[in-house]
Structure formats: structure tokens, C-alpha cells
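Could you have a look at this structure, given as C-alpha cells, before my questions?
Here the chain labels run A, B, C and D in written order, and each chain numbers its own residues starting at 1.
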Amino acid sequence: MTTGFSLSSRFGTQSLGGCYAPETLMQPLLDLEAAFRAALADPAFEAELKTELRNFVGRPTPLTPAPRLAAKLGLKALFLKREDLTHTGAHKINNALAQAILARRMGKTEIIAETGAGQHGVATAAACARLGLACTVYMGVTDMARQAPNVARMRLFGTRVVPVEAGQGTLKEAVNEALRAWAGSCDRAHYILGSALGPHPFPTLVRSFQTVIGEEARAQVLEQSGALPEVVLACAGGGSNGLGLLVPFLGDALRRVAVEAGGHGMVLGEHAARLDGGRMGVLHGCKTLLLQDEHGHTAETASISAGLDYPALGPELAALVLDRKVEVRRASDDEALLGARQLCEAEGILPALESSHALALLPALAAEGVATILLGLSGRGDKDLSTYQARLGI
Amino acid sequence: MNPLLPFLMAGDPSLEALPGLLSEARSLGIEAMELGLPHSDPIADGPVLQAAAQRAIGRGATPLRVLEALAGITDSPDVILFTYLNPLLQIGARRLQTLLAPTPVKALLVVDLPFGEEPAFEADLRAAGYPVVPLLAPTTTLERARQILLERPDPGPGAPFAQRFAYVVARLGVTGTGQAMDLGPVSARIQQLRTISARPLAVGFGLSDPRSLAAVRALGATPVVGSALVQELASGRGLSDMLSGRLVGDA
Amino acid sequence: MTTGFSLSSRFGTQSLGGCYAPETLMQPLLDLEAAFRAALADPAFEAELKTELRNFVGRPTPLTPAPRLAAKLGLKALFLKREDLTHTGAHKINNALAQAILARRMGKTEIIAETGAGQHGVATAAACARLGLACTVYMGVTDMARQAPNVARMRLFGTRVVPVEAGQGTLKEAVNEALRAWAGSCDRAHYILGSALGPHPFPTLVRSFQTVIGEEARAQVLEQSGALPEVVLACAGGGSNGLGLLVPFLGDALRRVAVEAGGHGMVLGEHAARLDGGRMGVLHGCKTLLLQDEHGHTAETASISAGLDYPALGPELAALVLDRKVEVRRASDDEALLGARQLCEAEGILPALESSHALALLPALAAEGVATILLGLSGRGDKDLSTYQARLGI
Amino acid sequence: MNPLLPFLMAGDPSLEALPGLLSEARSLGIEAMELGLPHSDPIADGPVLQAAAQRAIGRGATPLRVLEALAGITDSPDVILFTYLNPLLQIGARRLQTLLAPTPVKALLVVDLPFGEEPAFEADLRAAGYPVVPLLAPTTTLERARQILLERPDPGPGAPFAQRFAYVVARLGVTGTGQAMDLGPVSARIQQLRTISARPLAVGFGLSDPRSLAAVRALGATPVVGSALVQELASGRGLSDMLSGRLVGDA
């Protein structure tokens, strides 16, 4: 048994992150870090993960030049990193699968997960079916309604989906419930957290399983265009696809931009923009930028996108932002819808509502004189069809 | 030995009722009790305490209002403020001390603050007389338990129970969902912990019926009753009635 | 202008296929064949197609070993060729994109297509958006209802979806209407047929753009297992994914099996099994095995799967079957549903209802003593969620 | 020159009405007419003929019943059986000849049978006196037109119009959807075709009003009227009424 963490649990000059967990979860978290380190040091783990990422998930995902959309927006070149083409349709599978393999190495037989947009839930359900692990996913009732197709997909994979009625019935409440469930079953269950948030070692774990996105993309954009783009751009909920794409570009002289959900207004409760709107706080085991009221209660959020309405920005991404290594911008619901429509019509690619927030920033970047952009298309929009239909009048 | 550590949620049924409840507890001989600060995201609480917190927040029981309501109360057991970290962080260690000074609060039980995560904050509060209660879960190894008890030391027999005890979490899971518990593992656990520490122990999570409470007392530890009390209080039962039955009983 | 076909338009010893088209379409078909031959001879076409298949479609698609499902069924090894991981989620994009590129080379500005399951329609809509071609898709009203998500996807891509009320409101009627529309606009429009059927050169065109499936799969299975499987297996609607997978294995000593929709009964009208149920006939421009009544009227068909209820088997596949190079089997609606559920639960992959018909045959093949199988997973099942929910009680 | 080539759908309004309609046409001086064999998948027909075929099939107008209904009729224009290939294929060339023998059918217009696709079938039928009508579409190049007319040759002036004429499709698209047509291109096309063939020409697809018909006649070709007739007939108008108005008119 491990008694202390070996990896750094803090990020940036303001020491974000940490491990603010109930005592019951401390030893499981210590064990998880130890297992993670052992796995990273074990070529068999890397080999299994790599094989599954290739044969099951479909990695490497393509880098798609988007010349027609670029021309429409006045960009010289636009490249899309196609996580929407992974198995189950979003980057979430990279992490879910890796953690499921890790859990099986640890001798766990059950998996717990939370989900917002449902993509992490579906990815975890798929990974668990693939590995023969029992799986329970907690999901807010609001999200269950707006991402109904993903509920059905999880159930088809044999996963139990538990509705969470509390609060707004979205991702935050699902995490609460998943953490509670884990505290009751941590002797046999592993909790597969879906974004780069939560107590240490989750943010590090998740990020390290997602940087495959940026590593592939960096090599691909160099191969395709012979140069790095001026801007690398991703949407940010918890921050896993953002970190996954941006971290491998940290050493490069270019702009790294994360886009938060601007929702439908600037007032607390009308958006999920944590940089302007948030203050340092602790939620779900880590310290980071948090939307909260003056009492330290987590604030309500609003976004058309179920995957971006989490009230906290993952600690590592928040630290990179505060340390000025990543810029944060926001896109409103309406801008995201427009971004989605433009990509659909110009390139024949249907983006997830989450990814549409990154797309929504393209006109602004073009107006700033940016000519070449690499954008992380974190997922496909099939799950969002009913929203697109209703809001775009299709 | 303190025979019972009751838990109440501040603001449920109301903040106005709080002074009366504390005084009532004291008159029953309760030396210390836990008082929950209602939080928006109580990740370690079961449905009963979640609902109580929700009701309390709905009635305006913000952290500051709770501390205000406690200010000036002397006819009370020692209060252990049961809380999540974020509301305290937002108040800040300095301001918190000022706010706590006129209250019967003697210690803090911060559910999501393992030792070492906020060392300066925690040290400030301890220095000001508000130590953070050490928690020992079923998953806590003996080695880690030793470390926890060292990091959150016993101030010694001169200090009140509230500032000395370690909280032994009796089982996996969240507060309150317990059914009739098998006390075998708890007994073994207490014996094990006794090999590394002589400080007072409270045992909580899922205790409710007089027999279990008596059994815990028979092990030389103080039983905590939380969710059961909160539920009964919410359904209109009187505190004296609830507590007096639980202060006696055979193991 | 070309005055005669250069490529053989007939298949097998019984000379299936041909070009039974209204005269108005003959010159467009002659021109199409000429353009196709010119494209095949032009390295620039191959290069563009290859680049788009890699960067836009996501080729090569993985070959996924399915060890847990194999074990459950008593197979030694099962490999899934993952066309479900292509952009838009089925093999249909291979053909749609290639034909769209061809159409642009021909100077066409409009595209017409028919669709049944909607996958070919979505693929064509995506390819047209990508290339900047106007697109109209004809779809039966029954199919529009049971594959509603695909209707929404097409519309998001800027495609006009025209409901076809005639007959059963399924694929056959959609082809009728698309052919009519093409006859009215063939001066400026290209018709992208979605399966290996219709008048010459379509069957050859479509098959040649789909054999990439089998070519990849053959290399992959050799690389992964060092040997060829005993059986290669695919579902067959018109036959495009079947040919695409099976043709590259024609020279190999193994069994090639195509699975037709057994529907819910053995009587004409209750299934779409053309081998047992069909007689030689001409429909939509080619001679092949056709479900028809004694008057030579096309029969009604039934299948839970919108992509397999076409009353004719594509001529090349039918010829291979009649010449005993491919076996044909059938799977009922219920068997297909069970096949889907088993794959979901054992491997975390949600198959299209069409592909589920191939999965449905696995138990029978295992019972025959087959140990190793390569199965073409032609598409993903997201479009079929509501059917799975209703029929599996999810 | 044959002044008009009317089209009717067999079985619409009914098979029983067919003998009367044919006789009525003949009494108006109609030399030849097209008779549609209702098919399940009429890929070259517009909505009007689709609906007519659907109605006819619904009323039992199968190919065999249609041929039966025609058997023995002598008081009729020459009939050109307008059909899709598959029903004929299912009957078979030999049996078809037997079935056609007692009917006024003189030629076959097989919409989806380009020359060369079923050479034996087509040759058998031609030898038996049932040539397949050559179709020339707007997309048909002059070179291909020459080939078509060669493959489906003119039996010569001794043969009736029904067996000699070539069908000139006046515009892109399917039957019947025409509005008032610009006859300029048709005129040019006819002049062009005259350079390669002297055989009678019929011009169809979208013709309806007496003026257009007269204009086609003025070009030396026979106008075909199809969908308009079928629609009017279905709405209850009498054939004589419909045809007599269309047999006159100025270009």
C-alpha cells in the first residue's frame, strides 16, 4: 500500500489541483496513482493500450483540412483534428478505455462513471463491455433528457444508467453521485472520471491519456502543411480534450486557445465561462476556477451543450490559463449553433455541440488576422440532432 | 467518555430553532455535537443529509447566517462544525476566526480536507483554537492512520472532547444509509487503532438504534448519530425525546 | 462523346447486369463510364480520392478482433472490419465520395441520390457539402420515419430531402424517383447510386470504389493473425459492402458468405431474401435475382433493416452466388436483433441493423464448425437506436 | 402522315372499357395508338401515368389480363404496347408471341430496353411481327441515333406506321410533366434527324394543347398525347371529345 503521492498533484504558479477528497477515497486514490505509475512503466500496458487504440478506437484519427470553410471565413488554412471519428464518437474514449484497462490491471471488477453529454458514459460503457467489466453510470436527469440517444447506447452496452435528480440534473450532480457511489464500493470498483478534474491523480491521469490527440495532430499538421498553425483551438468543459490537444503544443511559439460555454448571457447562472466568471475554489476534490456564489456554493450554469456546463475548469487547464500559456475565450449558444451549421454546410461534418463552441470562435480569430488554425473537433453531433433540429429549424 | 455525539444540520428545521436545540442538547448532558453547515455539493452525504442541506439552503442558511445564529450562544454543547472546504476557503482563515470567536464552535470537521492539502489554512485555524478533526475511514491503512493522527494531534486531556477525538468512519459509503450494522469489524478496528493512539474515538456513519449505540459505547468509543436524528427532527419529533432514548441501552 | 461501353457490363455465366435504361439516360451512362475509365487512368484522381479517404473519411478503418464475442459463440477468432468508424458511419461514404469527386471532374454541379437506411443519403450529403455540390436525396416516407436521424443529418448538410410517397415508401421507390429526377436533369446532374445495382456502369463503379474494404481487411487480418479466416461474411442489401469486402478474397480458398434479410417470415412479402425467393428479372436498369410476383411486378419486401429491404440483389453479387463463388444465407429480424445485442454487450460496439444480419449468422457458422471469421461491420447503429429500444425493450 | 398518336393506360379506367375506347379512337380516324401496360416500377413515367398504372394494377390489370382483354379485338387502331421490360421477360418471347397474335398490337415500345441488351428476345419478337420502337432522346447523339435506327430498322413503306416510326422524346425528364413547350429545339431536332432518316417520327413527352400538336404536325411529325389524355379520361371526359379537339388546330 502506498502512503503518499509520488506525482505532483499541483499545477502552475497558483498550485491548483490537489486532492481534496473524503478520507474514504484517499487510499483508493493513492492506490490509483501507484497503479498508474506502474502501468506507465510497464511496456505491456502501453502495448495493450496502443493496440486497443488502433484496433478498437480507430487511432490515429485523421487531420482533415477544411478548405471550403477556411475560404468562407477568410482563413488561409484550417485543420480539424477528428476525434469525432473515434469509436463512440468523441475523444472521451481515449481516457475511458485507458482507465478501464488500468482498472482491470488493478483487479477491479466494477466501474463507476459520471456523464454529462453522455459521451463519456457511452465511451465508458463501451470500454467496459469490451473488457468485461460491470458498469454503472450516473447521469443528471436534465442531461438524460437532452442526450437521450446516449442513454440508449449505454443501456445497449449493458451499462446501468442511474438518473440523478438533484440540483440542475446535470454533470456536477452526476459527479457528486458518482463520488458517493465510489465511496461505497471503492474496495471493488474503480471510478472512471471523464475529464481532467477531480482529486489527484485524476486530472493527471486523464490528461496523460488524452495527449495522444495533440501528439498525433502536431505530427499530422507538420506532415500536411510543413508548418505549425498560428493558433491551436479547442473547447473546454472540464478540459480533457483541451489539454489533450494543447499540451503537446506548449513548447511551440503559437497561440493556444480554449473556448468556454458562453451560454445565453453574462450573468452568473447564464453561462459556464469560468475564467471571467469564476473564483478560485474547491469542488469535487480539486482547487481551480469555479463558478460559485458569495457563500462558496457552486453556482448554477447554463449552456446549450451538456458537455460544457460544468462549473469548474479543470485545474491544469486553469493553471495554464492563469499562467498565460493558454488563452480562454467564450462562445454563446447561438454562436455555437452557427459554427455547427457552417461546418455542416461547408465540409459535410456534423460537430458535437461542444466542439461547435470552438468552431464559433473562428470568425473572431480570422478578424484578428489569424491565417492558420488547428481545431480540435472533439466529437460528433449525432447526439445533438434534436437540439440542432429545434434550434436551427431543420 | 462522551456517551453520544449527535449531528444536526444547521438551518433544518430553521436557524431560529438552533439556540433552543443546542440548549436542549446540553440539558440532556450532551458534551459535544456536530453541526452541519449546509453545502451545495455534499459529496460525502447520503440522501437524508443532502435533503436537509437543500432545505436549509432554501431557507437562507448560508455559512455566514449560520455563524451569526451561533454567535453569543453559551448554553450549548461544544460544537464541531461539520463542513466542506469551499465555503470556509471563501470566507478565509482570518475572517473565519473572527466569525467563530463568539460561537460555541470548538473544532472543524472538514469532510474534503485531507491533511496536507491546505497546511497554512489548517495551521492558522488550529492556532486560533479550531483544530480540524482527524477522520479515519475503513480504507485508511494503519500506517496512514498514524500519520493522520500525527498531523492532527491530540491537544491532550486538558482540551475538550471536541478538540481531541478522532472520527472513525464505520463503513464504506456516505452518511446515513446504514441499516443494522455488523459491529464486528468496528470492534476490530477500534482495537487496532487503540494500538497506535489513546485519544478519544467517535464512531459514525449509519448508527441509529439504541442497541448499536450502546455497543459502540461498550467498545469505549462515542457513537455518532446523524441522519436518523435529522430525519426524525424533520418529521417533527422533539430532540429530548430522540436523544434520551439513545443515551441509554444495552449492547 | 462515347457511343458504346468499353467495360464489360455483364457478370457471370448467366450474364447478369447490363444496362436496361431509358434512352434519355443512355448517353449520361456512356459518359459516366468514359469519365470513370479516364479517372481510373489518371493518377490525380487516385491521389485525390486516396487523400480524401484518409483525411476526411478516416481510412484505413481498423480491423477489430472481437475475442469476447468469439469466446461466447465458441469461435477461435472473430475479426470485425470497422466501416462503422468511417465518417458518417457506414461504408456508403467510400462510394459516395468517390462518385462526387468523379462528378465534379465531369463538370456536374448537382447531385441526385436515393437512400434507404439514410446512410447513403447522409454520405452523399456530406460528400456534396465537402465538394460544394448541390444535393437532392430521394427517400421513401417509411424510411424517413424509421431513419429520422439521418434525415436531419442530410438537411444539416444542406441537402434537400424529397419524400417519396409511392408504394411501400422504401428504397425501391426512392430509386424510381431518383432515376426520374436524373432523366430530367442529366445535363447538369450526376446520379450517385448507393449500391452495386442499377444500369451499367453503376454496379462496376460502386463495387470498384468499395473493394478498398476487402483490400484493407485482407492485409489487416494477415498482419494480425498471420492467416486468412475460414469465412468472410457480410450482409447484402444491394450488395455494395458485400462485394467490397468479398471480392478481394475471391482468389482465396475460403468461404465467402453474404447474408440477406429474412424479415419475419418465409412468404413473399415477408422478407428480402432474393436467392431463394427471387427469379431472374430486370429492375432499375439491370438483370438480376429479383423478388417479383408472377406478373413481373416487383414484390413488396419486409425487413427490420431499411438498408436490406431492396427487392433485388445487385447483379455482380448475384452472379457470384449463382456461380457458387459466394454463399447466401438469411437472417431474420429477430436473429439480427439478437446479434446486435450480443455484440453490444460483449464488445461495446453498436452495429447498424444491416450489419446485425451478418452478426446473426455467427452462431450457425460456429455450429458448422467454423473457427475463424472475418465479418464486415458495414455501419454503426446510432441511426437504429429507436428500433433497438423498441424491440429490445431498452 | 398520322395526325395523332394517343396514349391510354390499359385498365384505367377499366379493362372492360378498353374495347370501346379503341373502337371510338378508330372511328375518329386514329391510325395507331400507344397502350400502356401498367407496371409496378414505371421509372420513366411522371405522376399522372404512375397513378394511372397504380389504379389499373389495383383493379387487376395484370399483363396477362390486358392481353386477354385485347384478344380478338379488330375494331381498333394499331396498338403499340408501351411497357417496361420485366413483365415481358417473365412471359417470355415465345409465349408473348402467342398471346399477342389475336390482338391489335403491332409493335412494342419497351421503355427500358436499349438496343443490344436483349438481342435474341428482341429479334424473336421482331421476326414474329412485333418490332421494338426506336426511341431518340434529347441526350441521344446523332451518331447514336443513326445506330439506334439501324438496330431497329424501318420495315419500309409497306408496313404500318406503328411498326415504322421512331419516337422522338421531346425533352429531358419523365412523361407528362410538360408545360407549354418551346418547340424550337424540337424543330431543330427533327430537321437534324431528317438528315439521317426518312422514316415517320412521333414526338412525345409533355404535349397536350391543340396548338402544340398542330405545331408538331407542321414539322411533319406525329404528336403523342399521353398524360393529358389519361388525366382527362380519369376525370370522366369522353375520348371522342378529347381527341377530336386535338385532331385539328393551327401551329
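We adopt the following convention: a contact is a pair of C-beta atoms (placed from the backbone, for glycine too) under 8 Å apart; a residue touches a chain by one contact, two chains touch by 3 or more.
Which protein is which chain? UniProt says A, C = Tryptophan synthase beta chain; B, D = tryptophan synthase.
A quick note: this is a predicted structure, and the numbers were derived from the prediction, not measured.
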| item | value |
| --- | --- |
| Partner chains shared by subunit B and subunit D (touch criterion as defined above) | none |
| Centroid comparison with subunit A (C-alpha atoms), farthest chain | D |
| Distance from the mean Cα position of subunit B to that of subunit A, given in whole angstrom | 36 |
| Centre-to-centre distance between subunit C and subunit B (centres being mean Cα positions), rounded to whole Å | 66 |
| Distance between chain centroids, defined by C-alpha means - subunit A, subunit D (Å) | 66 |
| Category of the chain touch graph - line, ring, star, complete, other | line |
| Chain pairs that touch, as defined at the top of this document | A-B, A-C, C-D |
| Residue ranges of subunit D touching subunit C (in the complex, touch as defined) | 39-46, 50, 54, 57, 62-64, 84-91, 111-114, 117, 135-141, 143-144, 147-148, 169, 172-174, 177 |
| Contacting residues of subunit A [partner subunit C, same complex] | 54-58, 61-65, 68, 82, 85-89, 125-130, 132, 149, 152-153, 155-158, 224, 340-341, 344-350, 381-382, 385, 388-389, 392, 394 |
| Residues of subunit A touching subunit B in the complex | 1, 3, 18-28, 166-167, 172, 175-176, 179-180, 183-187, 279-285, 290, 292, 294-298 |
